[in-house]
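Two complexes follow with chain A in common, the first pairing it with chain B and the second with chain C.
Then we have the complex of A and B:
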């Protein structure tokens, strides 16, 4: 039982990150009916922006020293004599990186929002009124542009970034089994869940959210009711880009950065299809199911199966419910 | 018959063609071409983009030395994206467009296996690569392909022997779920059994974006004293080690060639702290910063200082670059030996010359003379990383398996 819980929790932590990635795809789809195949690459840009502001800028000759490593006297005193991997040492080391982590997050959020806005204004908006298929194909083309641009700007070098939270080990006993968790992963999960909940609340309870939902129902009617559909499009892209920036920063802290990070988006597309392209609740559940299935398959069957089993489940769900777990069923009259 | 002007010209032309044909046929070309596929994009683009300039340097230095039998060489490199089919297409294009192609450098095990059946008759060329895949060291079935060092299986043998010598009793294998990752696992299992070591965990992970907490949990529960990592280049392995350190696991980590790049270890240390301190693994060659580097590295260093000024290669050559340079050096050495004998630079002649590389002084790639046995050079030594000096330093003498 303890083992099951251990792997279950590990799976939920991975699932929360999948959910944070998926929320961007759903937001764009809800507002524009466009499946954004390039979302993984938006996330990759978010990761690179985080790297730029958390690693490259603090290393610049003109940057103040405290930005690179903030170590006031009291911290140096506390740090002295602590073993390298003690929990307190991990917290203090993380605090020393605090200024650049904050700068990295702020930079990633702003730059990725601007990137999302740029894509929407220059590429997607001119296609408004055209076939949705054309817009979807455009996002496929965007993959090459974003992937190539990242290599030109940041090269293909693998890079590493500071963690968003102290990576202190957390140990507790449950059902006679010692459970191990990583502090940073737990914090990542909390960040992902809070953002996910905030977006769902925004879509449900705010005016902008109502506008997104109305546009999703019928663009022409929304227009005639005074809703600025182009603005809704912009907001959806900015929302996807900013959540993508956080997801990118989290992925970068877990796995390092390289242009291959963009590929991560494709595995999440399957999760979105499983949950239902226009359902936040559906993709949340799907992300958690896939995360847990991956961890359990790894535990019981090994890594060879961990990459297959969850996606077999995705396939089964789509076969039984082609519109996903909670997606809107579309009936076409012929 | 009366010899008029027309007859005279026709007869002269025929005589010249008849007498001159063998000379023309045996004439040396203006240049020899060495083709290469590199992963300039894709998951291993980091390595590919660092190796590309090294090939330019190789071309310049070989030509300074008179090329092959006095004929200059030209190195052409194309992107494969680390997709074997792309690399195969690159090779076929080189065969079709470069009549003087004498050697090829492949960028993956997958490509080397894919191209192997094609290397027959006029399509055969001498071929080195980035791969240390055990299956490629097979002169009977793949006479034209060679490894520029010990195979992954050999490297596992060396590490397992090291575990045994240090008094270890249990070991875990964590590997990427790729051909590269799985290559030495079955052999390693058998070898561990021979040595009386218990393999307590065989864990396959994703090549990128692995679920680190789950893998570290599995490692913690296995209770392995040692863990050998295989099938990674820039990602996953540092995070696994970092996770294990945060967990407080006493496991000692080891790696094979592609997990031993100093620049990557330095970047990890800069961001994650000294998690890699004590990490060790097999490296066939001397590191570029070796205080006793030989004349070859000195020459590279002088070239790099001017040609690559302002780039990361100005003062350093990564192990990936060294591997590519040595792989090509083997090929050039074989081809030069063929040319010295006055033979044609065919793949068969070059393959025969490969086996003549015995007790060969490589000029400093290795600390000892090396031999090509079964199309591989089974020499290397164990290095350990220190977070304090930020260098891999040798912890064993040179050995040959």
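Then we have the complex of A and C:
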């Protein structure tokens, strides 16, 4: 029972990150009706950008020293006499990394947003109004282009990247059971959930969000109502690539950076279809369910089994409910 | 300039290759393959064998994507099933069946197993289509590979480390050189292409095309969607199973990682480049998809002359070129090379009265 709770919570934390990645796929689909098979590789670029700006740039000879490790006098003072592994020391370590984490995040966000814009303008827009097959295969082609260029640009082995939050171990008791977590994982989950909620609220309440929904509803009517549909498209891609950048940074701190990060996108794609392509709620639930199932599979069956959990889950759900848990049925006319 | 297509008997109307240019082309192709088998050097034979294996698989993918309009991103799984079926058959039945008949039995066995797997993987196609089907087949690809790699199947499949494959033996003719295997591969590839060309003159093939063009209308016309979608998956899986069987015979060892998603994408890329729903599409597509990385390799080899630094960036460049091929053809020539060839032939045909 106690183990179950621990693995369940681990699963929820993984699920939150899945949800953060999935939100990018859903946003692009809602606005443009394109399912982005290459989203995992956008995330990989986000991770590499984070690595560049948080590790490579501060290490460069021309970078100021405080960027690499920020140690004001008061911090050195506080650090004195602290025992090993104390929570305060972990927080201070994190603060020392603060400048480069911020730089890394900012760099990753900006660069990935530009990348998303570039993809939208050069590749997706010429295909506006083409068949779904063409659009999907275009993103499939994009997979190879992105993964090849990442290997070309970042040839060096990726090393340790700083975590986004103090990585202090947290222990607490829940229903009479000790739960053990890492602070960074918890913070990642909070970041992911906050961004997810913010995007859902944005789509629901702001003007640009309404424009996205209107475009999703009916493209030509949205056009005639004065909504600039191409602008909505770019906005959706920027949204997807920026959330992807944050997800990439989080994944980089959790699992390290490698070209295999892109494969993550496929399992998230399975999650998105399981939840229903155009439903934020469904995707959120599916992400959490898959996260927990993966953790349980890892616990009971071993690590390799966790990898295929999303695929099995999506197959089962699609066979029973072809449009996912909460997806709207597509109505086709002959 | 052809102004009509005169047929004076039903027999001529029913021919697979319905004019003499097509028949001439076929004989020229067979002669060309014969020349390669007789005089090609080892490198040419190697590339030609790879192309032949790919061609059979892509023909199968063309049946399901190009003709039936069902999107599949998981056909590498069927190659894997075919390849492993051959190896397992050889290991299991080697004691019972005499060696000279083993290959003749193993290839149909692999094709059959793949076709059955195709029906199972095709089941989601009854409920979903388009994108959902693409993800369902992609999932199937991951799951099949997982099952091959897992420890419970490792005694038969060798798990992650792969397994050594047998050499084919046709009625006592042991094909232990690449050149002999090329004869087998080329024969099967040509037969497979002709069978595909024939398929679309039959009731089944026309039903596929009707489903591709509009599935609801096809159903109203009395075509059973369930039946024909599953037949389509079975046929294409059978082609891929044959390709997988030849793959196993051709290479000395097979590994699960050879059948990963990348191979599935390569198969789909080949028909996009070549042209979907055309018999010659797979041929052109496979030539491009196999030749472009080879050309890059040759160019880099000439540039670097063994330099390690250039060799390191070769793999990413090949990958980018592969992606650029897909993107480029989708953007600029969505119907693939067959379209370009058609345009050229039409211009030739109408010359000097019109161009194109």
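One rule holds for everything that comes next: the second predicted complex is superposed on the first by the 317 of 334 C-alpha atoms of A that agree within 3 Å, B and C clash if a C-alpha of one lies under 4 Å from a C-alpha of the other, contacts with A are read in each partner's own complex, and residues count from 1 in each chain.
Rule of thumb we're sticking to: a residue touches a chain if its C-beta (ideal position, glycine included) is under 8 Å from a C-beta of that chain, and two chains touch if they have at least 3 such contacts.
Since the model is a prediction, treat every value here as computed from it, not as a measurement.
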item	value
Touching partner for A:151 - first (chain B), second (chain C), both, neither	both
Which superposed partner A:304 touches (first chain B, second chain C, both, neither)	both
Chain B versus chain C as contact partner of A:140, first or second or both or neither	second
Contacts of A:6 with chain B and chain C, given as first, second, both or neither	first
Partner chain(s) touched by A:295 [first = chain B, second = chain C, both, neither]	first
Touched partner set for A:218, first chain B, second chain C, both or neither	neither
Interface residues of chain A shared between complexes with chain B and chain C	147, 151, 155, 304, 307
Chain A-touching residues of chain C, taken from the complex the two chains share	71, 73, 123-124, 127-128, 130-132, 134-136, 138-140, 142-143, 146, 149-150, 214, 216-217, 220, 261, 265, 268-269, 272, 312-313, 315-327, 330-331, 334
Complex contacts: residues of chain A adjacent to chain B	3, 6-7, 10-11, 13-14, 55, 84-85, 90, 93, 147, 151, 155-162, 167-169, 180-182, 185, 251, 254-256, 258-261, 263-264, 294-295, 298-299, 302-304, 306-307
Contact footprint of chain C on chain A as seen in their complex	35, 123, 126-127, 130, 132-134, 136-138, 140-149, 151-152, 155, 266, 269-270, 273, 277, 304, 307-308, 310-312, 314-315, 318-319, 322-323, 332, 334
Residues of chain B that touch chain A when the two form their complex	40-43, 45-46, 48-49, 177, 202-206, 208-218, 220-221, 233-236, 238-239, 242-243, 245-248, 264, 267-268, 270-274
